[in-house]
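Chain lettering (A, B and C) follows the sequence in which the chains are written, and residue indices restart at 1 in each chain.
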């Protein structure tokens, strides 16, 4: 690729430009922003939303949505914390939590396919249902992972470092790579795009789109569970209200990344950039000491501008 | 290309505007004389914490220190991020008003690791090293309310308890204090439900309870918002019931003055914030501070 | 003397550097019907989209009544009295006829209340003018496609349209509805309205049009009054070469029964029984509502059904398209946009979609190189006009989309290929290519079922013809015994 082509391609990537411009502007306004330590902090802070948003990308690509991610995060986090506190092996805890998240995702998928519910409605139901179960399960109290060796080791998943890089950042990167590979190089990935783009044509091509949907919602559930593990490990405690409202940040990241809410169009790279934009904004607004009341205003404006520019580009005739 | 430029321009304007809206201009450099104190506050969506911040802000101005407030929006993970951002910003003392005592542990530890002293406000931290904890005693407050209801009813009657967000420590502590006060009396709790510290929910929950319970002598709500909601429900039903709240917000105090509410327990959030800054300055000056600083509570009645 | 209401001069349009229209002149005359002809991809749609303000022209001028005008959006062209009636009708199915006609310009009172009685009375007036006796309060989804077409025209007239562009208006109409439409067109003409008529059906052109403009590869070939032309001349202008025989049917060896359907029934079909032999081309025809598509889709596993299906004498159960494909049955849909192609995916991804398993290795990983090679092979074999395997299918013309849709089904290497209206919306040149392809498949020993409402086509390419009427099979005809009249008699449910 020549330099010129490369630049052209870059200029077409609106989300990336928004990310770069935001970063440059903030670096100028506050030199502390571009320090190595702060960049690592941003990456670590972004990891949770990024992991959820990756699962959400699958759900949105197929033309659906998964509103239940926040509740799945809270639920799997609470289960993980309880198990750690009772001295269960960390490895088993992680596997169990992930499987549990996958199972809840599968349930969402079943509601959408066999139950023929709109994804919005189905997952809206699970949001409330699961939050209630969390409350019953925890009696409304936070669950501490305790002060054992196991909990210390578990804590490393959220707070530890390998070399200079925080563990959640590695996990986020692994998730991105895996999701990219699945969407671009595997059969099921192709089917996700096809079903999201034109479900009927996909059925006519001999593909069982219900299976694809079950897969997609299972992935979303599993990613939410993984985020739940990250949050719980980081805080050493599972909050009954952990994850409330997280689905909105995840959806924002996906949409910022250029994925169409109608399904069929979008990339993981876009979602990664979208999640980073949100992470950078959160961090930058804090660093610049913007009053917290104005922070949401600023975030809302930036998200709208980014999405509008992207839409305009797509509507060009 | 024109589009890109316009985009850049818009982004620049927005961000500069936001920077203009910030509470304080950024320090010209890290070595400035003025010390910076960071405050990670659980939420600014609740008048109580807004007052707490106002108290801190006023004291900070008085003592000539800079205060940076970040809103955790009642989410432990956001709180963690905010504390990290305060550390990266290089503040001198971090005051945390935790969303939850357990979950704040990692945040406190992160600050410890960066050698920044931590003061907790209102809620404590169950881990990490905290130089001082400043709070009003919620258990004592709940007890105060309970004792007052016992006194007004002559030690006998049916009461309703409207609980706060399940799992919130304030809800737990106030409930514990209240229940300890009525234990051993002939007061019976006939209904106990959560209204999530929310006025609208206080109204609907109380409406339902009024339907179910023919006889109610008193209501204790874990905060004033719920108490005021319950009051509306009671007024609409035409029944007569004592209502005691907690927090002494302006609305509640007005209701007490009008005789609609029996009482509210007043915390002094501004005092907590103000004491926080005073303590932080002492820490900065190398003075010794108490590791537990209780803040007065009082019952507001007519 | 012809008076040009609209004249487009030297129109050029480029899409990101690719020229799709080059220096085209186009006139629309008062009180006359102008046929706009050309193969798919010749630039007809683009030209009409420029006229209606959907696209902006790169160069050239548009004159309305000899005054230069510029249509920057659809609204401005509508304002000038230009109405486009799309091939896929633009009606809101769940609203009433009247609401559709006045959508966006409902008559309102001073305080913004919709004057329903005025709206429905006005609707009624225009409908009656077109000889359509429908209650304007009826929902659009409850009337036939032919009547919907007339509603679109009524809508255009009620908006005071002076120029009406009809894009393939008879595509989904029954013969009697088509007849009705022609009457309407003639009436409009006498009232001084101007009409642009786009159709691939040559005989229709000679029935209703006064002038013909032919485009080829984005350039104007010629504009002539219809009297100076005949069918062959038009075809020659469109494809740029002489067409050899239009229906090049070949004789092949017909083998044993490969597919046998017995007493297939469901909500659409009543007790359908038929057989298909190896190497045979079976034509299936019938009027709208004869459920020929539904019968084939039931066999393909889309609709649940009772009854038995045997393949090579073995009884099989087909519950999904997947089952059908596994048994060697492929179905090329009549409705490309809804269930044939995936517009947002590229040519390669569309072609390999139903056979992706063949290109996947361990853990479901797709071998893109092999996929690319195969896609490339099929693009060449079927001469799909695309910039490459990476081009999004939605940018292809109808005929090329159809070829992609057929290619997708070929990769699954079917023994039985069902083609549902394979030439609908496909231009003359590409039609011939599709017929040639059918012959190639036949020569390869494939058994083919062709569903078509174009009776000359059925007569021209099939070995045997099955006629359906209201969900049942009304008769079979050998090619040598069949004629248009016999087929029509069977199609309306009478005995021969």
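As a convention for this text, a residue touches a chain if its C-beta (ideal position, glycine included) is under 8 Å from a C-beta of that chain, and two chains touch if they have at least 3 such contacts.
Nothing here was measured: the structure is a model prediction, and the numbers come from that model.
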Chains most often in contact, by C-beta pairs: A-B
Chain closest to the assembly centre - both centres taken as Cα means: A
Most distant chain from chain A, judged by the mean position of its C-alpha atoms: C
Centroid spacing, where centroids are CA-atom means, of chain A and chain C in whole angstrom: 43
Inter-chain centre distance, chain A versus chain B - centres from mean C-alpha coordinates, in Å: 30
Interchain centroid distance [CA atoms averaged], chain B/chain C, Å: 67
Chain B - residues contacting chain A, complex: 1, 3-4, 7-8, 10-12, 14-16, 18-19, 21-24, 26, 44, 68-71, 74-77, 80-82, 84-86, 88-90, 99-106, 126-127, 165-167, 172, 194
Parts of chain A lying in touch with chain B, wherever the complex brings them together: 11, 14, 17-18, 21-22, 25-26, 29-30, 32, 35, 37-38, 41, 44-45, 48, 135, 138-142, 144, 155, 158-159, 231, 234-237, 239-242, 244-245, 282-295, 297-298, 301-302, 305, 309, 313
Chain A residues touching chain C - in the complex, by the definition given at the top: 185-191, 193-194, 197-198, 200-208, 264-265, 317
Chain C residues within the chain A interface of the complex: 54-56, 300, 302, 320-322, 324-326, 331, 333, 338-345, 349, 353-354, 356-357, 360, 363-366, 368, 408, 412
